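By written order: A, B, C, D, E, F, G, H, I, J, K and L. Residues from 1 in each chain.
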Amino acid sequence: MSSILLLHGPNLNLLGQREPEIYGHATLADYVANCTEWAREIGFDLEHLQSNHEGDLVDAIHSARGRHAAIVINAGAFTHYSWSLHDALATFHGPIIEVHISQPNAREPWRHTSVIAPVASGSIAGFGMLGYRLAIEAVSRIVR
Amino acid sequence: MSSILLLHGPNLNLLGQREPEIYGHATLADYVANCTEWAREIGFDLEHLQSNHEGDLVDAIHSARGRHAAIVINAGAFTHYSWSLHDALATFHGPIIEVHISQPNAREPWRHTSVIAPVASGSIAGFGMLGYRLAIEAVSRIVR
Amino acid sequence: MSSILLLHGPNLNLLGQREPEIYGHATLADYVANCTEWAREIGFDLEHLQSNHEGDLVDAIHSARGRHAAIVINAGAFTHYSWSLHDALATFHGPIIEVHISQPNAREPWRHTSVIAPVASGSIAGFGMLGYRLAIEAVSRIVR
Amino acid sequence: MSSILLLHGPNLNLLGQREPEIYGHATLADYVANCTEWAREIGFDLEHLQSNHEGDLVDAIHSARGRHAAIVINAGAFTHYSWSLHDALATFHGPIIEVHISQPNAREPWRHTSVIAPVASGSIAGFGMLGYRLAIEAVSRIVR
Amino acid sequence: MSSILLLHGPNLNLLGQREPEIYGHATLADYVANCTEWAREIGFDLEHLQSNHEGDLVDAIHSARGRHAAIVINAGAFTHYSWSLHDALATFHGPIIEVHISQPNAREPWRHTSVIAPVASGSIAGFGMLGYRLAIEAVSRIVR
Amino acid sequence: MSSILLLHGPNLNLLGQREPEIYGHATLADYVANCTEWAREIGFDLEHLQSNHEGDLVDAIHSARGRHAAIVINAGAFTHYSWSLHDALATFHGPIIEVHISQPNAREPWRHTSVIAPVASGSIAGFGMLGYRLAIEAVSRIVR
Amino acid sequence: MSSILLLHGPNLNLLGQREPEIYGHATLADYVANCTEWAREIGFDLEHLQSNHEGDLVDAIHSARGRHAAIVINAGAFTHYSWSLHDALATFHGPIIEVHISQPNAREPWRHTSVIAPVASGSIAGFGMLGYRLAIEAVSRIVR
Amino acid sequence: MSSILLLHGPNLNLLGQREPEIYGHATLADYVANCTEWAREIGFDLEHLQSNHEGDLVDAIHSARGRHAAIVINAGAFTHYSWSLHDALATFHGPIIEVHISQPNAREPWRHTSVIAPVASGSIAGFGMLGYRLAIEAVSRIVR
Amino acid sequence: MSSILLLHGPNLNLLGQREPEIYGHATLADYVANCTEWAREIGFDLEHLQSNHEGDLVDAIHSARGRHAAIVINAGAFTHYSWSLHDALATFHGPIIEVHISQPNAREPWRHTSVIAPVASGSIAGFGMLGYRLAIEAVSRIVR
Amino acid sequence: MSSILLLHGPNLNLLGQREPEIYGHATLADYVANCTEWAREIGFDLEHLQSNHEGDLVDAIHSARGRHAAIVINAGAFTHYSWSLHDALATFHGPIIEVHISQPNAREPWRHTSVIAPVASGSIAGFGMLGYRLAIEAVSRIVR
Amino acid sequence: MSSILLLHGPNLNLLGQREPEIYGHATLADYVANCTEWAREIGFDLEHLQSNHEGDLVDAIHSARGRHAAIVINAGAFTHYSWSLHDALATFHGPIIEVHISQPNAREPWRHTSVIAPVASGSIAGFGMLGYRLAIEAVSRIVR
Amino acid sequence: MSSILLLHGPNLNLLGQREPEIYGHATLADYVANCTEWAREIGFDLEHLQSNHEGDLVDAIHSARGRHAAIVINAGAFTHYSWSLHDALATFHGPIIEVHISQPNAREPWRHTSVIAPVASGSIAGFGMLGYRLAIEAVSRIVR
């Protein structure tokens, strides 16, 4: 089970094209390539799914049970209202790292509440792509 | 139209594996088998759908119009925020029974609000699998 | 201890006379007669108390301790503010079934909160007299 | 049915003794004597009940059904939380006049909400004993 | 100073034409004529002003100081937000009677709050035209 | 008037039997016996009433006027919603000591608000039976 | 890029069948046919998608980037909670017109909040099918 | 009755001079000239009133009863607190179109609530001067 | 443009007569005379308007544009709800000084919110007549 | 470890000088002298610290760990917002008694919430200096 | 006692270096020098303390009792949560002037509430350094 | 400026001794030693301050200006109410990393709000000591 599931929620497929002043110019492919590389360096495979469909993410979390050692998730807007994701993540037994590219607490009020934080092992926000590197490093240290 | 549509919302496919201290050890297959049997005893067919996709449940409710006599639904986490389900259920003309395995009012505050209760004919919560038996019995008595 | 205590709260003595478009035409006597019959069918005695006095209901719950196997309660308006009933029910060790004839969530906002639900084993709402039948059936299955 | 039921809620038995700077020096007996006289002048009997017991007031309202032409009620502190009284009054078909001796809106915030006003035909507050005279006069004009 | 100032706020000039199921068929002229007559019977002149202009009502209250013995006011929608009226009424030394034709507490939530009640001597609501009669009678008894 | 009225609200008759991990194993009789003894040591008689009926407690407070030097009250769940008790206690002229066996602020949110604290001379919470001893000692020192 | 994307959210496939007293008798096909005709009259193609799946709508908005000149959207119940749609629409550079058939502000409170209005160029509500004609006309004038 | 009443609330007389980055450079005269022309094209007279006085707008709405076929209103800041306008508009029997030049939902929170929307037939926001053209077109189609 | 517009809102015409324990004994004429004198000392004309009519104040602010160097305003009760004044003041380009005679934060809760403070250059509260002197001095220093 | 740490929060150094109608005329030195005496009578040393510095109190609580048998604390205004004190007290293993001289629940609303009560063993309020005597007595009985 | 205590709360030592677009370029030394000069002109000594320590400010206020004629305070962020400062200022008998350099009501919501305003004689906000001059002038006029 | 300032807020000096089930067994010295080592590995000096005094932390942040390249801060309970820290951090120009050992969102509601997150470059929560390692790594990558 030395693999990590990396999940991206809605609209993150547009990374690099959408509000670059907030999210930067790297594309989702860049993010995934980097994460794959970082994971490999520490001996993990990385599987990736981006979806704008809440149900796809829930399904992916379910199939991660017993197959992946950890989940790294940037749930996008679902962070703020998807109790289904909350319940899905609660069924996963390994570490769950919540990542946000920007700092939600410095943006609109509805972005200040995370419904998945209570079931995440840890949360990392505001570091851009670096946040993913930190998350993967965290996984490697927690899992071992 | 002597058939019942049984719907399960997100994460309920993991019944028996997820938080057994809350949800017990019976699997979703056990639930469906029992409900099918109970429905048959009172002369009803039972069709079942579990989905982690809100849209699938809405679609299923739509196609139930004119095809099923009643809906029994455990909407899982959608119970607490899916106004789409609320609007979909409002278009169905037969009885709608909302079922919850545990007692949501005894859990986290966000589980205390049901956005589908206002359009359900009746609600049954806290009885585990027995709640489904009560729901099916209720359907049989209301429909006749 | 094969007996059930059936409790009715304030104004339910007027069942059949009060707002029949909401509560139907059956009288409280009809309710009690039916429940007694249903209980007997499954081998239970049924004792009944209706009171408009919060203290009477609390007293009755106290004397049910060790004398009745289960409580079925429609607390009427007390449902929404009587923390005394909450505390009293919390002292009872058998199953407690909360019943409502109508669907409170589809009525005024103050009827959406139940202060006794957190201490009830299960809740059944919106089924009219049928709800009591379901409650008694539930008792019989839980107790055995 | 040419009679009026006059109801007083908790602590109003102490009228004349309790906070005279708010409630004045007239005793409850004075209130009842005056109201009886005023009712008689316009051809009504008046029956009176003061109780510190919510259930007694609910019972009295129930037995007023079909026996009294109108209810005049100063529910005291029950005004602010007794949904049982709300439901009981809703079952009465004649005029219901809510009376307050002082002006609750000029006192503590919790006295600003009346849970019985929505089911009262009319409300009169702030006139001291005069408010009862107005209430009885109102009854006589509405009933005719 | 044996005169009463009767004030009507916005939209009450349409009495009899507007939502007669709530406000009845009597016109504002009928109201004023009746009040004038009732006032005369008890030895008072009555001056009347209806205005849709908050400032006109404030001005009228100011000139009532020292000229009128009492104010009877149905402030219409201003009841719910005109703190200017609140402050104006607070400067008047005689009795102030707040009247409402319908029962605001039984209508939309924003009608449940009166910003003028805290400075009114008394409030009368829900009695239709009869409420004015009660108000004028109250004035006569308070002033003497 | 060298006597104290000790009042217990709803469900406290079950002390020793109900949730001993919160309330301990001493019974109400133990509490009363101890308090009687402690009162006697400092020269006071002690009269006791436990009731699950709000009205009984209000009645008892009324008859304490002029008969008892002080009131010690553990209002149980009434603490959190009985404005009738609030108004009743406000009519008593001697010291009123509010006692709680457990620390309500460390329990459910609805137990954090006391509607009787504003009219109590002092409040003592969290000391188990010792709290009553402190209350009685306080009475003795205040009254003298 | 002379084309418009018309989007319909959940349950709007039932237009004409669902609550016709609110939504009228025209079917979704009627809406689309009319809009196509109106768009053609002003020189625009119109592409249409109705979905009960939030993710489908997000996907469609993404592929509209660079392909459609404008979006006209009736998001149904998603209007009130889908922050994913909010974020998706924020990535589109052309005009976005929010349309509602009924007037949400005159219905249940939860329909009073639109989470997509802050990112819509303009909003049109309450005009039934006419609202779409206005929206298309608006598009044609804004785009030119 | 082939005429439209166009109403503008407070500060809109400064259109073109005030915050042009929000409201644009067209003056109120431009707005009125355009609307008059657009109304004429579809066979309607247009009468216009701008006022900073709530009462003037209420008066104008009253005199529109029976004289104008429809009202188009941009109530400016009154949109957010003038319940008098709400009540006045509720007395008008023809279509009422609420117009806003900017998108209030994208500005300060207090601009997100419209107290007149519940009594408007339809609302149009965010289209600048175009919104008026849409409103007039809507009127012409609704009235016929 | 060396002139100042001094504005007073509702009920301030009664200064000296109304609640002197809060507002003191100086009359509005005293205030205006002093302010005129203070303004003259620093080389400013002063124009004054007191009105109980919100629209009059809005009109006056509009005509101050380009005619007065600064506005000093005590908006009275309008401070707490008149968004029209807010919007009007926002159109004025010179300094705007909000003055209150008493300290609103030390009075009723509804006086704690100022809807005009966000558009005022500065606010001065609690200094009685002295506050106006400070305001005029502030104007003179800001304008130069 | 037979010693007690007595802590006083901000402004309590002014006891006897500050608002004597609320806090009485005894000085802090009087309080400490009495407490020292009372402690000695029951065999305890008493160490005292008053500070207006939140950090000093936190430091003192830390050094009490293992050195004092109990803490008696009147945190003054820190009671209502110092979560640091909350966390500090949570690290102490002996009994913690929260004392207030006056009854905070009878004063301003912001004094009704204690952020330290959830970690205090017990709370005593409203008894003036007597409250400290009760607290010390409580300590002696709990510790033994 | 012809001296003034000038107090500055946290972070104001960085005046001139921190967010100059809000606070300007003058340093704290400039502020103090100017205030000292202005005070001298009107015959007052000025003592100054800036501290980032809440307790230091409380201590300073205490020692100002009987030593200083007045306090001028810009409490910085303590303005919004330091109830200790509130209580400390309440013990001072001379005038207290609250000053803010910027206009807190035009900034983040948490800056809109001042917990010290209720105990300040007067408040001055939004005038930059000029506000201090006004405050000192106010002191001189109040004290004489 | 190749140095990092590591700050710890109140009660964190007790790390390893306080609630080890939440915070683990490592002491603050362990934390600092590890962080120093990690910082050195990437070429940074590390200066550390733990204080239970809000003002000390504010002072330290001020002196970090121009002396340290970055701040890593675990503000303990100050996280939830210290607006002074918020303002102090806002004056620092380098990266600020907020660290929490546990996951505050999974604990009491008052721990869900961070008043410093809006001014932190990034936040890391829930990783125990590992979180500091991630923070230091983040600093090294951001600063370069």
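Assume a residue touches a chain if its C-beta (ideal position, glycine included) is under 8 Å from a C-beta of that chain, and two chains touch if they have at least 3 such contacts.
Here the structure is a predicted model, which means the values were calculated and not measured.
Between chain C and chain K, which partner chains are common?
Looking at chain K and chain C together, no chain touches each of them.
Same or different for chain E and chain H, where same means more than half of the interface numbers show up on both copies?
different
Provide the C-alpha centroid distance between chain A and chain E, rounded to the nearest whole angstrom.
The answer is 63 Å.
Just the number, please: Cα centre separation of chain C and chain H in whole Å.
55
For chain A and chain J, let me know how many angstrom lie between their CA-based centres, rounded off.
Result: the chain centres lie 47 Å from each other.
At which residue positions does chain I touch at least two other chains?
Where chain I meets two or more other chains at a single residue, that happens at 53-56, 81.
Spell out all pairs of chains that touch, sorted by label.
A-B, A-G, A-L, B-C, B-G, C-D, C-F, D-E, D-F, E-H, E-I, F-J, G-H, H-I, I-K, J-K, J-L, K-L
Name, in rising order, each residue of chain L that touches chain A in their complex.
Result: residues 103, 105-106, 112-114, 117-127, 130-131, 133-134, 137-138, 141-142 of chain L touch chain A.
If you look only at chain I, which of its residues touch chain E in the complex?
Residue positions touching the partner: 9-11, 13-14, 17-19, 51-56, 76-78, 80-81, 110.
So in the complex, which bits of chain A are touching chain B?
For this pair, the touching residues of chain A are 53-56, 58-59, 62, 65, 81-84, 86-88, 90-91, 115.
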